[in-house]
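Across the two complexes that follow, chain A remains constant while its partner is chain B and subsequently chain C.
Then we have the complex of A and B:
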């Protein structure tokens, strides 16, 4: 998300055109109407409705029964939700730093002025072009315990294979590995864009002053990439917390609850066990967590701006 | 000094080769497995080139799964959703950027606030709504909710803010209606923004999984990602036969190749588009 041009304020807009009154009073609303209808019906409405549902018991047959905060009280003692929260936090805690560091390293590496870097960029981005379920199916096979490609090479190297997706201890690592391979190219592209915005004169000036490559990295590249790093961090954080597709295809949350994530749990609860009310309550919890992320983001962003200004 | 540089270059190229191998080997392995007979799939030896080359896996995919129908469904849904988003968002974005009216700020703020609301919270109510209307397992159930996307409106509005007013004013002096100005003056100017929104919408709908998984039941509307998931998730977490893997890789190859080919042809636009919008494709 590059910084978009600052919107003109309405006052400026009206004086600039001087013709703000030439359409009828209702025209703006008519232009907005089709979108707003979709927005209310498929986004705002269902969000509020979902919030309301979280206070009910509702299987798909029959009518909803208002049960107050019972769903939320149940959440506090639900061991499966507990596992889902822990797994999601663990997945996020490992995936996000890995993705940020690796995609930054890739971008810097593939920004070197050597022939062949375009090939590297295309190769690194190729997995991201695949749809999630193709990636899931492919890596289920690669991580297969007996005949999978990864274990074949691990055995050859004498390290020994792991029961990737069938053991409670390592299944989540298998999904993390898959996710990093799949999405690292996305962060790389954002970082590459950020690198193009750093003026070359800065490097030249520093080099004339005798700065070495590590010095350039630490004092020019990394500080000037900070806004991009922030964006990549926030995007991967939000995406990681909502991880579902790979999990659904590769393990469906198993073995046991070892890879059960929040969204997988919402899916199982609402659409397999048909506990719609409780599913909506867990979705509301996810919403709450994401709001906290957004607030932290806003806070850090503001502090960051002040930091740059001072 | 020169030898240091040479060494650095050598290391760089060694790393480049390692990178390309790590990123592309899984895809090559997918291709390789898809052409292998069962006996060669279930072996501990790694053969990158199949010893016996067979199309059986592909034959089985076409016999047992309606993969062409899934692809057609995905094309229809993604195209429909893209057209819908272009229409709704360019109208709404234009009003939000260029017109003065009561409630503009509030409306825009409410729209933007939905960026923070995860779509998972909407799926349960959406499912109930489409069930009540008897519209689950239809294209409409997959297309219509995309029309409520937020980023498209935001991008269109930002773009419209920066179009010079003079062009619209000239048309207005000539007596053109607002709708006419939107259609024949503003939209042609907005081609870059429309293209970006179209690409982002098409890709995200094409790859969308969570809602289509819930909203589809049969091959009548099942999209490609949901179909592909069936190859593995029948008995997730359990060991599956070699036949299942051969067949799954053939299906994965069929689903993966068109996007990879398109990406290699248009990679510049993909990468530019992503760095411009920062939106997950």
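Then we have the complex of A and C:
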């Protein structure tokens, strides 16, 4: 424990007595106000506006026409929405575990004191800094069927190339691969921070008791990383459900409907086909899905904390 | 000292306040916002044209904003909602209707009544008519473009072929001679390996150009897509399937075109395909390759596959005057620019565009530009996709629209053409009835 120099008590006392009249029960709210205003103006306000919009037919120009729940009824028979939901669920189901496991593995590997550690961290994080369009264009080239980089290697290895982005059966895997490469560095940085919070004494003590590396991972690293894992899980889950940019650049939802995602469908419906109402209804559905996941996670997180505390 | 500093700062503030007033007193400079979706070399040429106009017309200054078409239209609609649309907006004729029904474009008939230049007789009919919606003119054509057939002169010479294919049968016959596998075999030879082809005869689109080609062939058969009242799909499934079958067979039966191709121009330039179906916008790139590497190319008309009618997919750029603008008084100046652009569109032709203004189109300078002749001949035969309010929902290339899904399932997944066409037709009717 480091000991901080104690502030002179007289100075503290004089400040407190001088400013005392300014403190009231509203003070905390004043500190919250700037963020609260931004939150109301740019988040909650538009969200409620969107919810209202989902009960209308509106093309942005002109005034919206109230049509009740017609948009929600249309959602039940819309085959494109089915495809978008299925693809988004599949994408999330595969991307989230991959990202959590890979970023954790990378973080543990790059937390070891070996040469080239700094370079490795930079290399793993750099893709995350790139713009989505850059990533999309780059990977369209890497995944190209006939002259792409990846297929060239696969052919060299004798495995044979895949029609990555031009086949309904594999296009989504191409997008998943791209996304994992692009965002794995973000989770890694969070895990690295978590790893460095674990006191070294615990490892030392365990080693003295004869624990091997697997025991250390199983009984010290993973349990103490649980809060970080929750954060990474939550963030990748939300981001995966909202996947859009790289898909739009790489395949625009094709071939066929094989890579159409919810957010692309919302964008196309609302801004390209100018059906703001129906787009808002689909957005509300996405919001509902995310809220369910957020609640489940909040519940698990709280239970987890209690588990640790008891 | 302090006093002087204060005096000075007051003077400076006054000066700053007066300056803009002084500038505007110099003469009324009208500024026009001009938006276009040209992001390639054609955009650079449009930039130069606008700069030339600005230099020649100090009182009318134009700002050209370039951005890809789809986000450009998004921005246009949002700007229109707050009465801040650009003064001039470029688009394609088939895209007009969706904005006309929202009342975002200005009818032009009365505005151009006195113009000597902006008259139907000064333009090619096939360019002018698609800009008329329900009897009212909404845009002035700038240029046309359509599919044509490019061919590699060296590869043709090597194979001993003199003329490019003019019909579907010729395309398949010549195509087999131009397709070679790693062992030097052609598609009809014994031992030909379709999985190891080193040179294909012709490209095959896996993007929206696949259904553009289908549209040409379907129109050659005389097919219609949308019912006259615009409420349902009027696709003739037999004809639709017949047109698709021809394209699908080029890849899967005759093996003369590659499957899942994405970079057509590159493959043509590198000799991977001996022919290329694409638009006139490719010509500047081929001209550059000719100058750099001695690439020998020529162009021909899109083949007539079905005898009923000759038709080729096409579109064009046009110029509209948005209605939701801050100052409608600027329309006269905007029309002056559009007139000037028509008369000066020879420069635009260098970008591979085909000017729609007769005087330029018929000029010696344009007609003798290398490779243009075949395209000029096709101008009267180009068929536009139906310009209906639901255009985007049915035809957009950046979303899984019915046409994209139909094209990709047939050309990439070898789906049965009749089944895929029927699915697309049902979806089109569904979309039209939601309007």
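Just so we're on the same page, the second predicted complex is superposed on the first by the 264 of 310 C-alpha atoms of A that agree within 3 Å, B and C clash if a C-alpha of one lies under 4 Å from a C-alpha of the other, contacts with A are read in each partner's own complex, and residues count from 1 in each chain.
Criterion: contacts are C-beta pairs under 8 Å (C-beta built on N, C-alpha and C of every residue); 3 or more make two chains touch, one makes a residue touch a chain.
The structure displayed is predicted, hence computed values, not measured ones.
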item	value
First (chain B), second (chain C), both or neither touched by A:60	both
First, second, both or neither for A:254, with chain B first and chain C second	both
First (chain B), second (chain C), both or neither touched by A:144	both
Partner chain(s) touched by A:80 [first = chain B, second = chain C, both, neither]	second
Partner chain in contact with A:268 - chain B first, chain C second, else both or neither	second
Touching partner for A:168 - first (chain B), second (chain C), both, neither	second
Which superposed partner A:190 touches (first chain B, second chain C, both, neither)	first
Contacts on chain A seen with chain B and repeated with chain C across the two complexes	60, 144-147, 165-166, 248, 252, 254-255, 271
Residues of chain C that touch chain A when the two form their complex	70, 73-74, 77-78, 80-81, 98, 102-104, 206, 258-263, 324, 390, 392-393, 396-400, 404-405, 408-409, 412-413, 434
List of chain A residues in touch with chain B within their complex	1-2, 4-5, 7-8, 10, 13-14, 16-20, 22-23, 25, 27-29, 31-32, 34-36, 38-39, 41-47, 49-51, 53, 60, 106, 109, 112, 114, 116-117, 119-134, 136-142, 144-147, 149, 152-153, 155-156, 165-166, 171, 181, 185-186, 189-190, 192-193, 231, 235, 239, 242, 244-245, 248-252, 254-255, 263, 266-267, 270-271, 276, 279-280, 283-284, 286-287, 290-291, 294
Touching residues on chain A, where the partner in the complex is chain C	59-62, 74, 80, 83, 144-147, 163, 165-168, 248, 252-257, 260, 264, 268, 271-274
List of chain B residues in touch with chain A within their complex	9, 12-13, 15-16, 19-20, 22-27, 29-30, 33, 41-46, 84, 87-89, 91-92, 94-101, 104, 107, 110-111, 114, 116-118, 120-129, 131, 144-145, 147-148, 150, 153, 157-158, 161-162, 165, 168-169, 172, 178, 182, 206-207, 209-210, 213-214, 224-226, 228-229, 231-233, 236-239, 242, 245, 248-249, 251-252, 255-256, 259-260, 263-264, 267, 270-271, 274-281
